[in-house]
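Structures are listed in the sections that come next.
In what follows, subunit A forms one complex with subunit B and a second complex with subunit C.
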Partner chain A sequence: MNPSLFSPEGLAGVIFLILICVTMIGAIIATCTKRLIRSVSGLAVCFLGVAGLYYFLNSPFVAMMELLIYVGAVCVTIAFAIMLAEPDEAKLARKMSGLSGGLAVVCGGAVSFALGYAAVNGHWMAPATQVNDGSLKMIGASLLTKYSMVFELISIVLLAAIIGSVALARAGRRGN
Partner chain B sequence: MNELIRLLSYMICLAAFLGLNLAYLGWVERKGAGHIQRRTGPKDVGPYGLLQPLADGLKLMSKQLIVPANADRPLYMCAPILTMVPAVLLFVAIPFGEHLVPREFSFGLLMMFAFASVGGMSILIGGWGSGNKYSLIAGARAVSQNVAYEIPMLITAITIVMITGSMDLNEIVRQQGGYIWNWNVFRLDKSILMPVSFLVFFICSLAETNRTPFDMGECEGELVAGYHTEYGGMGFGLFMMAEYANLVIGCSLTTVLFLGGWQSPIGIFPGPHWFLLKMYFLIWSFVWIRWTYPRTTFWGLLNLSWKYLIPFSLVNLLLTALFIKVF
Partner chain C sequence: MLTLSTQLNTYLIIGAILFGFGIFGLVRRPSLIGMLIAVELVLSGASINFMAFNHFLAPDPTVGQIITLFIMAIAAAEAAISLSIVIAVYRNYKSIEVEDLVELNG
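Let's turn to the complex of A and B:
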């Protein structure tokens, strides 16, 4: 089956490819650049692409949360951390030893071989089907009934993180 | 095909609406500033200076784009565009009238906050990309302020969602039909703190749009100008336009959530004219506040959010939940 470019399926495919491209380009920028702030920008672009993929897969809530939390909060926090740390120009001059290049090639080759082997020989799951309409009501109801335990555990983890950070900051303040 | 024509006409109309607003809000602001400070404001270009935005636009567009030597060129060029995109995009979800809404999203409110938070990142990129320490400080300030005020704003919005049971902006407006006491500001039967939470939301939207008394991102005295110091020509123009677009978005959201959107206060003739009237009143009050109050200190700004607004909005959230449970 080969849908024409201007049928709904064809256009959906084009949009999917565009989103994949945005995600990949963001990821490549994030890993390949030497300046930290550009890495963060690449990461933000990557998250944007992932949010688009979620939206494409009919999960608008997850897509919006991806934007709100990952671009709006995580990326901004990382950018703040970079600003508070030392400027990155000094690290640019650091020379890599010859060994690390070869090691990187070996590791990369091994990982990509393993992944390729698994992809070709493994048993793929049947494509996921949509279980419900993915609306906010369904998500809210299942978070508070079926997955309430997980939900509460996550909030305990977050609470522990907040208390931990406050404790750390407190100790620093007393030192002065 | 009908859907396509509908979408295209909405796009064209929204672009025109946006362009007119962005141009003339600048004029309104300068005129308002002039009259509040006992001077005339722009008056030479056209009658009452009405052609001034056109002249400004031509001036900005004909200027040479200079990239500072220290700037991170791609980031420097991207930032003004990135600030503009989310602001413009959000107009797609605003219900101007019962049937005058480009696209109804069941998660419209969440979408507003999601894209508004992307705007913070672009300010940070602009401040950093300029390669200027003052711009960097201004960017960091603007973003830490945005992050701080996003929290009470979100929590206050959650109380509205709890009352209406919907994140669809048009549905929230529909439930405020009838008379003026059905607007969410006056719904004392749902939560007795409703007028105060309107005030919290209003203060937060002042801070989120970087307006005085919270415009820490642009301090002429200490930071030369702000995160847009190094931008000239249309780069600067885009930052300014994004500010006004955010202003329109913020005021529209306040109108929708608290002031009954397109609903009429007296129960007759609901429609887009009421929406525009309320929105422009809020925008005018923003201009009014800007030229009346002095700027706060950065310390006072963060203190207000973390020590007063966030605890208050949490208490408000619990109280609203209690009200819903009990009554």
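Let's turn to the complex of A and C:
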């Protein structure tokens, strides 16, 4: 049952374990460090691990998009916002301790435990047949046929987000 | 241990742990940008669940990938909007900490 360590399956399993560790360490760095710029770096590391998990789930396209959009765009945007807003790190660090830490552990632990319990004890039924192989070609075909309306709506949402963020960030600039 | 990547439960538990870390950070962080980072963790936990169910259980394995792409688009739009709100708030209040913004309670 268990593949040997140096067979291809075994090496893939080792890489998978490494990816899980990368994801978890990234999540810990993202939530537990004091400086915000470090937690953005942790977020990037975590997304790197998540992209690897997507690759194991047989979808290299989504893995690449994860790298491009999250690591390449979202993390860089957050880093710019940190540089522009220059938070008062010493004051933030002082506020971190105390009641909110315990409350946070309880909330996060409860949610995580409940979801994990539901996942382990659920009875998942495997599908009878698969109508296609989930390849990139099929993704493109269904994006332009079955999901074309949603695709267009997402474009409008992104356009509205661009215009809105420019308008919000420009407002009040002339007064200063 | 080495066959973990072929089991649905592994991915579901990773997703649950990431979601829990997101909630943890959301409650713990005193600053707006820290809370935004935690929200990104929550979204990626949800995406992992979608991708796992897509790979193991869905009859049409393009659905989950497309939903994950839409989650990414929404997350990018949300990050852009909320960061520009953070910049606007910082310009007015000279702070991005939640406690200094009680005036925004309404």
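Throughout what follows, the second predicted complex is superposed on the first by the 129 of 176 C-alpha atoms of A that agree within 3 Å, B and C clash if a C-alpha of one lies under 4 Å from a C-alpha of the other, contacts with A are read in each partner's own complex, and residues count from 1 in each chain.
The rule is simple: a contact is a pair of C-beta atoms (placed from the backbone, for glycine too) under 8 Å apart; a residue touches a chain by one contact, two chains touch by 3 or more.
What you see is a predicted model, and the numbers here were worked out from it, not measured in a lab.
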item: Contacts of A:R38 with subunit B and subunit C, given as first, second, both or neither; value: first
item: Touched partner set for A:M64, first subunit B, second subunit C, both or neither; value: first
item: Subunit B versus subunit C as contact partner of A:M83, first or second or both or neither; value: first
item: When both partners are placed on the shared chain, which of subunit B and subunit C touches more of subunit A; value: C
item: Which superposed partner A:V157 touches (first subunit B, second subunit C, both, neither); value: second
item: Touching partner for A:A73 - first (subunit B), second (subunit C), both, neither; value: both
item: Interface residues of subunit A shared between complexes with subunit B and subunit C; value: 61, 65, 73, 80
item: Partner subunit A, residues of subunit B touching it in the complex; value: 72, 74-75, 78, 105-107, 110-111, 113-118, 120-121, 124-125, 128-129, 136, 140, 143-144, 147, 150, 167
item: Interface residues, subunit C side, partner subunit A - complex; value: 1-5, 8-31, 33-34, 36-38, 40-41, 44, 47-48, 51-52, 54-63, 65-66, 68-70, 72-81, 83-88, 90-92, 95-97, 99
item: In the complex, subunit A residues that touch subunit B; value: 35, 37-38, 41, 44, 48, 60-61, 64-65, 67-68, 71-73, 75-76, 79-80, 83, 135-136
item: For the subunit A and subunit C complex, residues of the former touching the latter; value: 1-3, 5, 9-10, 12-14, 16-17, 20, 23-24, 27-28, 30-31, 36, 39-40, 43, 46-47, 50, 53-54, 56-59, 61-62, 65-66, 69-70, 73-74, 77-78, 80-82, 84-85, 87-88, 91-92, 95-96, 100-101, 103-105, 107-109, 111-113, 115-116, 119-120, 124-134, 138-139, 142-143, 147, 150, 154, 157-158, 160-162, 164-166, 168-169, 171-173, 176
